[in-house]
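What follows is a group of structures, each given as structure tokens.
After this come two complexes, each holding chain A, first together with chain B and then together with chain C.
What follows is the complex of A and B.
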């Protein structure tokens, strides 16, 4: 019995490179992945700070830029996740998950270990379901977050387009009134 | 018999006057003893022939892998009638021993008869030991990975591997578990069935004479364990 117990332990170890699929929770792991990126606010502020020269007029412009960004963010980034890794890192992560999915699909459905026949189909099905959920979580995030931004931009454009049609009363000149 | 032959050894010669009656009487006595010895030997032969059948392994391997539960059920279906056969052959051994006793009508507490009983007990213990040993050796081979590989055998158990409680687990487990349906649990049950061969004999052969012996089933189990 000890011999077969050792052999079956070795069999289980072959799945070690995929154990994140059952040891980690998708929601927690995905949130950690998003948190590993920089937020848009941080990136913009960093970029502006790099432009600072110390000159008062330049700093004034930068402050205005920051205010402008913050105002725009309330419109365009409403309901949008602003902290996430770069698209390259997303691409790398999704490629890795896709390669794991391929490895799972290539797993042998039946393996003989001495006097035991191991049917791996239940495990393979469970892993396929899990890896699909992981891939969908990553790809759908990008799609949904981008769609949200586009919707916000469209709304903003619409709001501005409607807004500029109305001439503010206080600024109407005599000529305009006429 | 010694009493009948004594004149021939001590006083009679081939040309003695009363040699013929002596020969006739001695011949009757020797023939009776010869018949008895033949009977005893025949009974012992039948006992050992019976016990030789116990060496047929109490585990039958199918040539296809079966779910663990089916392996257990198949084994139970095989072993129950086999153990019943062994129980019946144990009764037959007792019957043969009684037949010997009825024929020779021994002094039950005599050293000679007790020695003979001890000899038969030895044969029975050897028969039980050989039976258990044979099944254990057979099972040992079946559970040897290299043996399976060398003989191109189909696996015995068909088990599943699945995700349970955030772990990759075999179903059923390889080791023992609380539900007693792990592979080790099943193997242990099979081994216990092998050992139960020792309790199939309906009591010791010397039970009535041996004050230390009782006539319950399993009396041989203690000696097998030793």
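What follows is the complex of A and C.
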């Protein structure tokens, strides 16, 4: 009896490193993952602040840089999530989730522990669905965020192209027109 | 983005189109657009740009004047140097800060717009340092008035503390903390505001409180009597009702004790010394109230017993009284001290004479009353002695009946 109990415990133990799949909520966990990164604005501001020397003309240039970044951000980063970890961390995370998925798929569907037969098929199926959702959450974030940036760049190019299509011939300024 | 696309490819993410190709296309389109914009387009709009730049320069100049005037108004209006403090003054300061904050933000917004135009029209970007100074000073002013409000509130909460509940030790500790942190002019947080008179005045108020508290602690002395409080009122030229159940810290603050630190110390020290004098005079009075002559029976009369204690007490206590009279704090008890000095002097001289008379009587008594020869040879002297003997015996009888030293010595005509 004791041997069966021990063997059952060992069988359960193989799921230990996968328990995040049922103990954690995907949305919450993924948001925490994103929040662990630094926002682009923060990174840029930090970089600029490191360049500050205290000299007025230098600081003026830095402010111009900041304004320029902010202006570009309103165009290119519109609707884009700017706080997320580095791509290396993303890679690491997705690779880990993929390896967990592989482990789940390689698990024995039926295990005999003495007189006890365990049918793991329903569990494996559910875990495969869950791990897929986790992988998709990470990859689709990258996909959507990148698509949005590309779309924004496209829109920006269109806007500028439209703007410079007609070269004004009149010498009358906008102010004078007004 | 390229790295993100590569990463997605690595993890076999399905993409509707090849984003890498799209990205490359975007890159070349962006390059084309930039070349066109910075090349022929820029060239063709240059005259217009220059003309508009001129208009903008005019606007910039006008705005520069506005900013300059605003800065002057800002510096002349805002409460940097208000030395008084009250809830009304604090509220008014906050109102001014808020009003100028709104105006500064409005001008900042306009400055930003002009900065954008400057960038767009390749003009040198104006820094509007005055606006930046205004903004940073507004923050400092707000911090300074927050400090004033906080410390005033703290002091107000202390003011209603009743006299016997004032914990000067605890308040002094709090004041020390204020001085080392909040109102410390050398603290980095106070670098800007430490030059403003409002801060200096606040710091002075805290310093004054720090001076007042030890004085209040001194005034809690058990030796302080009504006359000492009256003296304090005379010194400070203020009136307080120290015996009132409502007597509180605020009443003492009104005395501006920080101006009279030496006087307060002198009054309290004086009270203690007076109490000592009062105590010593009381001891002297009690001693002599209880002190009686001892007598030894001698035939049908009495003689004075041992006088060592009386003589020693007269000597030491006369010295004590002389020392007391030399102190300026004796004023209140001068009459009593002088009375005792005179009494002891009388005791001293009466005892001296008494002893002398007793000695003579003892010597002459056997001569005149026991020797018939001498009585016969000196009848006049014998008569005189007999008279003295009667008087002496009467005196000794009276003294035995009223043996209190002071009573016996100060009895009218005793010294004669």
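In this text, the second predicted complex is superposed on the first by the 155 of 178 C-alpha atoms of A that agree within 3 Å, B and C clash if a C-alpha of one lies under 4 Å from a C-alpha of the other, contacts with A are read in each partner's own complex, and residues count from 1 in each chain.
The definition used in the following text is that a contact is a pair of C-beta atoms (placed from the backbone, for glycine too) under 8 Å apart; a residue touches a chain by one contact, two chains touch by 3 or more.
Model, not experiment: these values are computed from the prediction.
K.L.:
Is A:60 touching the first partner chain B, the second partner chain C, both, or neither of them?
P.N.:
Second partner only, chain C.
K.L.:
Given the touch rule stated above, what does A:27 touch, chain B (first), chain C (second), both, or neither?
P.N.:
neither
K.L.:
Report for A:161: first if it touches chain B alone, second if chain C alone, otherwise both or neither.
P.N.:
Second partner only.
K.L.:
Of chain B and chain C, which one contacts the greater number of residues in chain A?
P.N.:
Of chain B and chain C, more residues of chain A lie in contact with C.
K.L.:
Figure out whether A:146 sits in contact with chain B (first) or chain C (second), or with both, or with neither.
P.N.:
Only chain C is touched by A:146; chain B is not.
K.L.:
Does the superposition put A:114 against chain B (first), chain C (second), both, or neither?
P.N.:
The answer is first: A:114 touches chain B but not chain C.
K.L.:
I'd like to know which partner A:106 touches here: chain B for first, chain C for second, both or neither.
P.N.:
neither
K.L.:
Name the residues of chain A shared by its contacts with chain B and its contacts with chain C.
P.N.:
Of chain A, no residue contacts chain B in one complex and chain C in the other.
K.L.:
Mind pulling up the chain A residues that touch chain C in the complex?
P.N.:
By the definition above, chain A touches chain C via 56, 60, 63-64, 67-68, 71, 87, 90-91, 94-95, 98, 135, 139-140, 142-143, 145-147, 149-150, 153-154, 157, 160-161, 164, 167-168, 170-171, 173-176.
K.L.:
Contact residues on chain B for chain A in the complex?
P.N.:
Those in contact with chain A are residues 65, 142-145, 148-149, 153-163, 166-168, 170-171, 174-175, 183-184, 187.
K.L.:
Applying the document's contact rule, which stretches of chain A touch chain B when the two form their complex?
P.N.:
1, 3-5, 7-8, 11-12, 15, 19, 22-23, 112-123, 126-127
K.L.:
Which residues of chain C touch chain A in the complex?
P.N.:
1, 3-5, 7-8, 10-11, 13, 15, 19, 22-23, 26, 29-30, 33, 36-37, 40-41, 44-45, 47-48, 51-52, 55, 112, 115-116, 119, 125, 127, 129
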